[in-house]
Every structure is written in C-alpha cells, then in structure tokens.
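The structure's right below; bear with me while I get my questions together.
Order as written gives the chain letters A, B, C and D; numbering starts at 1 within each chain.
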Amino acid sequence: MKRIIPLFICLLIGFSMIIQFFIPHPTSLEFGSTIYKWVIVLIVFALVLAIGNLIRHHGTKIRRQKKDWPYSIVTLSSMIGMAIIGLFWGIQAESLFQKIYLNVFAPLSATMFALLAYYMASAAYRAFRARSLEATLLLAAAFIVMIGFMPFGQYIHPRFPAFAEWVMRVPNMASQRGILLGVAFGAIATALKIILGIERAWLGGKE
Amino acid sequence: MLAILPPTDLQAIDKPNDAGSSVNLSWKLSSDDSMIDGYVILRRLVSDTTYHEIGLTGRGVSFFEDEGTQDGQEYVYIVASVKNSRLFTSEPSNNATSYPQVFHTGRINVLLCIALFTAFLGYFVSQARTGKELFIRRIPGLAAVDEAVGRATEMGKPILYVPGLGDIDWTATIASMNILGEVAKKIALYDTPLIVPNRWSVTYTVSKEVVKEAFVTEGRPDKFKEDYVRYLTEAQFGFAAAVNGIMMRERPATNFFIGRFWAESLIIAETGAQTGAFQIAGSDSVLQLPFFVTACDYTLIGEELYAASAYLSREPLLLGSLTAQDYGKIIVLVILFGFTLFSFFNINLLALLEVQ
Amino acid sequence: MKWYEVISTIDRRIIYVLLTVLVILPFFTRVTIPQNIMPQTQRLFDFIESVPPNDKAVIMTFDYSPQTMPECHPMAKALLKHCFARNIPVIGVSFDPQGPGLAVDAITSVVDRINHYATSKEDSLVYGKDYVYLGWKSGRIAAMLDMGESIAGVFPRDYFGTSVDSFPLMQRIRNYKEVAIAIVLSAAAYPDDWIRYPQTRYGVNIGAGLTAVMAPKYYPFLQTGQIAGMMSGMKGAAEYEKLVLEHGYARELGTAETGMNSQSMIHILIIVFILLGNIGYFFSRRQK
Amino acid sequence: MSTDPWIWIGAFLTLMIFSFLFKDNPFYKFGEHLFVGVANGYYIALYWHNSLKPNLFDPLSAGNYLYIIPLLLGLMYFTRFIPKISWLVRIPIGFMIGWGAGLAIPAHFQAEILRQLEGTVITPESFTNITAGIWSVIIMVGVVCTLVYFFFSREHKGILKPTSRLGIIFIMIGFGASFGYTVMARVSLLIGRIQFLLGPWLGLIR
C-alpha cells in the first residue's frame, strides 16, 4: 500500500503526460493545462513546508543564540516585512513592493551575478595550466576565443577573429551536440525508470 | 488602368494535427505578383452569400492560415490581388471544414522512438533480473565518492550536497535525487553531518524524503536530523549567495554540485575551491560544464550524471538500463551514417527526423 | 620562495584588485583600442544607410532588462543617433515588461543631446513627428502580427497616454508597409518570433541587437538573410558607435566603447595571468 | 552625488556583496541574509497573487469542485507530521515526479535526439561549398567520437579506445572555447554595476 499507491500515481501521471504530447485535440490540451494548474497549487503547498523549514532553521539559531544568530533576525524580519507589504498593499507597478524589488532585490542579484567576472579570472589563473594534453587543449581553445573576439585579435593576424569563430562553430558545436545526444538518452532512461518504478530512491530504494 | 491578374488554384484544407478552428489556404501567385500591393483573403459560410475579409498578406506569399473558423462549419474562400485598393478576385475555393485531430501524425517518429527505447529498456532490465553479469566502465568522478565521504568523516566536517538549481521537471534534478539517495546511504553509516540546500519547494520535499529513506534503509533513522535538508530561496542569486555563506561558515570538507545549473555554477564552485573543499560536480548543462571542470576536483560530464545512480548502487536493474542507453546511442550512430550514405544516392531521409 | 613559485601562486585578491582598477580606468581615460568591424554589424549599418530620409520608419523594440543594459542600451542609443541624423523616423515599442523604463531613458538622452546642439527648428527633434514611443503590450506574437494591419490598432495610445492619431508620424506610418526595418533589441529569443510571424506574413525586414550569449544562435539566419544585420554584445554596440562616429552622425562615442575598453583590459589581464601561471608551472616542473 | 535614498541603498548593497571578494565579513553576511529574506517575502506575495488565488481559491469559490483534488493532494504534504499516515506525503511527491518525468521524455527525443541528428547528417548539399563540406565532416566526426566516449557498458578497448580519446579531445576544446566566449558576456555585467556606482550614485560619469 505505502509503495503501490504513490508508484501508481507516478505511473499514471507520467504516462498521461506522454500520451498528451501526441493528441492535439482540445480536450487533451485542456487536460494538460489543468494538470499544470494543479502542479502550481502543489508547488505553493510545498512552499509552506519549505518556508516552515527556513523559519525553524533561523528560529533555532536565534533561540539558542548560535554563532551569527543576529543575521537570522535580518532574514526573518525582512521576509515577513516584504510578504506583508506584498500581501496587503499589492504588487502592482509603482507600489512599494516593486520599489523594494527594484532597489534591494535587483542590485543584490545583479551584484552576485557580477562576481562572476572576478571568479572567471581567478579560476582561469588557477586551473588553466598545461598539465596534460587535455588541459592544454582547454587552455588553447580558451585563449584563441578570448583573443579572437576582442578588438586586438586582428593585430595578431587578420584572419584570427575568423579562426576564433570557426573554433566556436565547428569543434565546439560538435562536442556540444555529442554531449547533448548522450544527455538525452540518460535523461530519457532516468525518466522512464522513474515512471516504471525501477528507480525509487524517493520511496527508500530496495523493496 | 490595366487589369491585374488574380491568384489561381486556390486550395483550402483543414489544418492537420491541430486542435481545430483552423483552415490552411494555398494558391498560385498572381502572374502580376511583382506589381501588386498584396493579397486579401475573404471567406463565407457555404450557407451564406456574402464574403467577409479575414486577413491579408504581402506579395510573394502564397499561404494563409485562417485561425478563426468554427469546427464543423463549411466555408468557401476567395483570395484577391490588391492594387491601389482595387481587388481582383480568384475563383472560389473548394468547401472546407475544420475539426480537431485525435492523433498528431507529425509526431509519429517520436512515438516510435519512445516505443523502441522502452522495449530496449524492458529487455535489458529483464536480462539483468535473470542475474546476467553486467559490465560498467570506470567513471573517475564516481569512484571518488567514497573517498569524498571518508575525507569529511576523518576531518569531522559536514558534507554539502547541492541538488542543482532546476525544479523537479528537469530530469537532471531527478537524477540528482537518485544520487543523493546513494550518497546519503554512505553518510548514514558515519556520524558526518549532511547539508542539502534547496532552491525549490518541491525539490525540498523530495530531497527530504530521499535522505530520510536512505537513513531508514541503512537502519539508522535516529541519525537523521531535520536540519540536514534546508530550504533557502527561489531567487537564483540569492540561493548562490546563501550557499556561499554555508561554505564559508560551516566549512564542509566535501561539496557535491549535482544537477542542473545556470550562471551561478562558477560562483559556488569557485568559492568552494577557495575554502579548500574536495569538490565533485555533475551536470548536463553544457554551458556550465567548463566552469565545473576548472573549479572542481571531479566532474561528471553530461550522461555520466545519469549513469551515476546505477554505478553507485550497482543494482542490476539500473545497470540494465545503462546497456539500453548504449544501444540507443548505437542506433543514433547507425542513423547518422546510414542517412548520410543514402543521401549520396539521392535518397533523402531527413524528413523522417522532423517533428512538428 | 623562488620567482617561479611566486608567479604561479599569486593571491587571488591581487588579481581582483587589478581587475577592478582595469574596469574603472577606461571610464576616466581616453585610451581607445582600435576596433575591427564584424560583417553583421556593417550590414545593419549599411541597411540603415540605404533607407531614404523622411520616408519609411524604423521600428525599434526595447526588450531588454536592467541586467543586460550594459550590452543593449548603447546599441539602442547608437541606432537612434544614426536614424535621427539621417532623418529616419523611429517608432519604439516594447514586448518585455521591463523595457519601457530603459526605452524612455535611451530615447530622451539621445534626443536631449541632439536638441541641445540644434541651431534651428528644423534641426531639432519633435515627439510625434520624428519619433514616438508606444510603450509595452502583452501577448507579443498577436501584437506583432496585428501591427501588420494597423500599428495604431495595437497601440491606440502611446506610453504617455496620448492618442496616437494625433501624431503626424502615425498618420503617415500605418503598418509594416511603411516600415523599412524592425530592429529587435533583446536578451531573449525574441527575433525567432519576428522571423516566424511578421516576416513570413508581411515580409518585414528584421534587424537585431542581442547579448553576446544569445547572438551565436542567429548566425544561420544572417546567412539566409532572414536577419538583415545584427549587433552582438557590447562589441557589436561599440562597432556601431564607431561607424556612426566615423560617418559624422555623432559627436562622440557612447558607453559601449568605454565598456569595450574595460572588457579588452580584462581579457588582457586574464591572458597575462594565465601565462604567468604557466611559466611558473613550467619552471617549477623543470626543477623537479 | 545622488540625493535619492533608494540609490544609496542600492549602492550600499552592491558594495556589501562585492566585499565578499576580499573575505567573508559582517557586511556580506548582512547582505546575504537580507537577500534571502526579501526574496522569500517577494515570492510569498507573488505566489499568493499569481498562483494560489487564481488557480485554487477562485475556481473553488466559483464552484469548480475539480480543484478539491489539488487541495487534497497539497494537504497530504502535511501528513509528514503525523507518523501514522506520514507515508501519504509520497502521493503528492509521486505526482510531481511523474509529471516532470512524463513531460521530459517526448521533449528530449524531439529537441535533443531527432533535431540534433537532423543537423548532423551530411548531404550532398553540404558540399556545395567545399570548405563548409569539410567542416560538416569534422562536426560529424566530433559528434560520433564524443558519443562513443559516453559508452558505459563496454571497456574502452580496441576501436573504442582511440575514438573515445578523440571524443575527450573534442570535449576539452569545446569547454575551452565556451569558457573563453563566456568571459566576454560576463564582464559586461560587472561593467553594469560599476557604471551604476560611478554614474547614478557618485555622479562621476555621465
């Protein structure tokens, strides 16, 4: 019972989603969109559990005065504050909610994203060493593309930018395609095993 | 003013493989196509007498899709060349009726693929069930998992497992959950703490269940702590910021980054490398793999991610499916060479691969 | 510690400080690294050059967000300068909800600058006559198709709430027939929809200004001519700025040129550090 | 220098995150914890307005009782706190996993296998331009060798050894190229932040 019912639900939904792909009839489209609406509802219910976990994690930290506990107050109070503003005063454009989004959420997000420029430099410096044939090829390809796509590339050789583009368009594309094809088989096999109940880590592995 | 020739050979048919309410029109261009302003499409019900304009197209276009029909009603169309607001109309079309289809014939190749692959999978899994020995080649990143878990135990530090930033509808996330189960089983044998941060509420519920079940399977349900599996936030870079914080403050000895990743991949992998942690990454995100390769000790590339749960568990049924995957790839190679060869004998089979 | 050990174990913070300095420096100095012009940028420029003045309009879609602003914003400004200098009317629209704020910023800053130097009434740009911004519309595929029938039908009022019928420009430009080219400025796959729908249906020319990440996807479309020309990433924007300046359509280069200099600096920095690391690695291995 | 307090907030938060590059510190900790809090508050409000209300409460109050099913499924998530029936939590999980898996199977066949194959097959038209023809041959060789690298159920011996080796060479060249190209795209994000600090905040550049 405890395994059969969840497995059956999984099989049923998975199989219907496959079938649905092959039926253009409006009834099938409507079925797909209804399931999708249910999925959204389930996501929200799971979010209640998830936020509960977050509150408990930080709550425990504050109660036991663990290391860095004052920061947990920042997380909890800003979450509650933002949620209240959004729930009671609305989320339309020009609202306080959007103002906070634009001036707090957005710069934090953009700056985290911008850290990448620094990390690319330090990762390249540390890892791009000609230790083996593979590492040397990695290094060489990165070099060619970095130089070729920059204005100064043409001064090394007039055809250098074209060569860099060739590296992107031919060997790079070939390897990406090869990886994608392999990935597709792996993903399909994994999805099939889940639907057929062969892979069941979520139910606790072996029977 | 000279008379302009109208378009000819107007054909109307129900649009195939759709949900109804559409009729496809095609015609031969007017001989004066280069001089006209465009074409106007008009329609009437067979039971009606007057035509109504339903759309227009530019010159050189000989196709129109009428997306506003009522299923089951019969329509007649005419198309007119337009020049200086004067219409030169074609002969009326045949009567056409739109209706929805029950099977999408343009996708029959996908259906065949699924059927074939499921058959392969079924065959090799049942082979495995009979106890046939199955080989799997060494995958360095996975051979290192035991070492990674052992290292953390020795150092008395936690293990971090990031199950990717994709929600459950990314298959890589499902694969990551399977690997998490195997890793958690190894951890359950020791007293090493585990940290599994989640970006999505749904993956949070799944990974919690997976880790708990792994501890139960190994007979150590008491060792499982609620705090092992955490929810952080749905914001992509907020999640990355918080994972950075975990790596800096809780100092895990081993980091696993396994699943679907986007631009944040290098942010977390490079921070992990700076803390000196042993790192194993695995992803099917082609654009992020280079960053994992540069910043991590081991990287599972593409399909290796999907082979991992079979490799780690050595469960025959799962190994069987790996063999099926390999046969799938062999078929791909056969198609690739076969279609290329045929095309040089003027037999073009590419249309078989097209999906609508 | 030997010299080769030093250069192969430089602290990352030194790299970070140098990198920050090199990004900021080009904002305050006038060192310019000469640019080559990629063919797709030249094609877009040539297309606009071929549009006769005071005739058909150019549609620009502002479909990028603050995050991709360093790449797309200078593209928009360079294009606006080019069109205005050649007396080609511009119609701005957005199908991405984050677009309008950036669109208004780009348009007003270019227009203010031109009008600042204008010596006569004919020289200055007039809203509603030389340019309009129609604002944001949801349901972009339906909207971009319907604009083939009537632009005013899709956007009855402009972004500022004025009825578009009152603009002389919009009385003249009714649909795609009076549009020379639609240029999509975007960080997403929006050109796909423009090619698939308005182009096949109405034969409208499509140009693009895309982020460096998106651009390679559209090389095949350039080859077939479905995209008339394209700026890719900050480099594309800097190239266009250079073309506009060289032809005397602008007084100075825009921000992409500065950004490009920062970018080149960082590339050189990374290359130098990779070389240092490898030299150090090579010598330390020889010692062993 | 700006007089808008919002700009100042944005600037300070930007600097807080950048400070992490030096080392972990109280400013970054504050920025990080604020980020997590504000983001979660943001999504709570967003989910309420855009998901729960239109997809559950509105249809239920309009008398569409089909929506009792997701309501019940959703409530099952909470049975994990009741030991006796805690296994019921597997039902919504099975639903979600099944949905994700079912959706993925045709999509992968369509977008990845069939379409990529279509792009790789060589036809006589590939040789209308001789160099383009040679490139398409190289692409095909690269695809084949990369794919061979992923064979799991055979030892990489005999013919498989050189091909899979060539495969890994293609993979490494691809990774290097991809890395080099992305540097260009990401630096512009940093330039954007610097422009914000120097322009709207400090007013040093126009």
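Quick note on the criterion: a residue touches a chain if its C-beta (ideal position, glycine included) is under 8 Å from a C-beta of that chain, and two chains touch if they have at least 3 such contacts.
All values reported here derive from a predicted model rather than from experimental measurement.
Participant: Can you list every chain in contact with both subunit B and subunit D?
Facilitator: A, C
Participant: Tell me which has more C-beta contacts between its two chains, A-C or A-D.
Facilitator: Higher C-beta contact count between the two pairs: A-D.
Participant: Report the chain whose CA-based centre is farthest from the CA-based centre of subunit D.
Facilitator: It is C whose centre lies farthest from that of subunit D.
Participant: Please tell me the distance, in whole Å, between the geometric centres of subunit A and subunit C computed from their C-alpha atoms.
Facilitator: 28
Participant: Hey, how far is the Cα centre of subunit A from the one of subunit D, in Å?
Facilitator: Centre separation, subunit A to subunit D: 3 Å.
Participant: How many angstrom lie between the CA centroids of subunit A and subunit B, rounded to a whole number?
Facilitator: Averaging C-alpha atoms per chain gives centres 13 Å apart.
Participant: Suppose each chain is reduced to the average of its Cα coordinates; what separation in Å results between subunit C and subunit D?
Facilitator: 25
Participant: Which positions in subunit D are in touch with at least two other chains?
Facilitator: Each of 17, 20-21, 29, 31-33, 35-36, 39-40, 42-43, 77, 90, 92-93, 96-97, 99-101, 103-106, 108-109, 113, 117, 120, 140, 143-144, 147, 150, 171, 175-176, 178-179, 181-184, 186-187, 189-190, 192 in subunit D touches at least two other chains.
Participant: Spell out, as numbers or ranges, the residues of subunit A touching 2 or more other chains.
Facilitator: 18, 21-22, 42-44, 46-47, 49, 51, 54, 68, 105-106, 108-110, 112-113, 115-118, 120, 122, 124, 126, 128, 138-139, 143, 146, 149-150, 168-169, 176, 179-183, 185, 187-188, 190-192, 194, 202-203 - these are the residues of subunit A that touch more than one other chain.
Participant: Touching at least two other chains at once: which residues of subunit C meet that condition?
Facilitator: 12, 16, 23, 66-67, 216, 235, 263, 266-267, 270
Participant: Report the topology of the inter-chain touch graph, choosing from line, ring, star, complete and other.
Facilitator: complete
Participant: Using the touch definition from the top, list the residues of subunit C that touch subunit A in their complex.
Facilitator: 8, 10, 12, 15-16, 19, 23, 33-36, 38, 66-67, 216, 219, 235, 238, 260, 263-264, 266-271, 273-274, 276-278, 281-282
Participant: Write out the stretch or stretches of subunit B touching subunit A in their complex.
Facilitator: Its residues touching subunit A are 17-20, 100-104, 107, 110-111, 114, 117-118, 121, 125, 171-172, 174-175, 177-178, 180-182, 185, 198, 200-202, 204-206, 209-210, 213-214, 216-217, 226-227, 229-232, 235-238, 240-241, 249, 263-264, 266-267, 269-271, 273, 284, 286, 289-291, 293-295, 301-303, 305-307, 309, 313, 315, 317-318, 321-322, 324-325, 328-329, 332.
Participant: Taking the complex as given, what residues does subunit C use to touch subunit D?
Facilitator: 13, 16, 23-24, 27-28, 66-71, 211-213, 216, 233-235, 255, 259, 262-263, 266-267, 270
Participant: So in the complex, the part of subunit A that touches subunit D is made up of which residues?
Facilitator: These residues of subunit A touch subunit D: 2-3, 5-7, 9-18, 21-22, 34-35, 37-49, 51, 54, 68, 71-72, 74-87, 90-91, 97, 99-118, 120, 124, 133-135, 137-146, 149-150, 166-185, 187-188, 190-192, 194-195, 202-203.
Participant: What residues on subunit D touch subunit B, complex-wise?
Facilitator: 17, 20, 24, 28-29, 31-33, 35-36, 39-40, 42-43, 77, 89-90, 92-93, 96-97, 99-101, 103-106, 108-110, 113-115, 117-118, 120-124, 140, 143-144, 147, 150-156, 171, 175-176, 178-179, 182, 186
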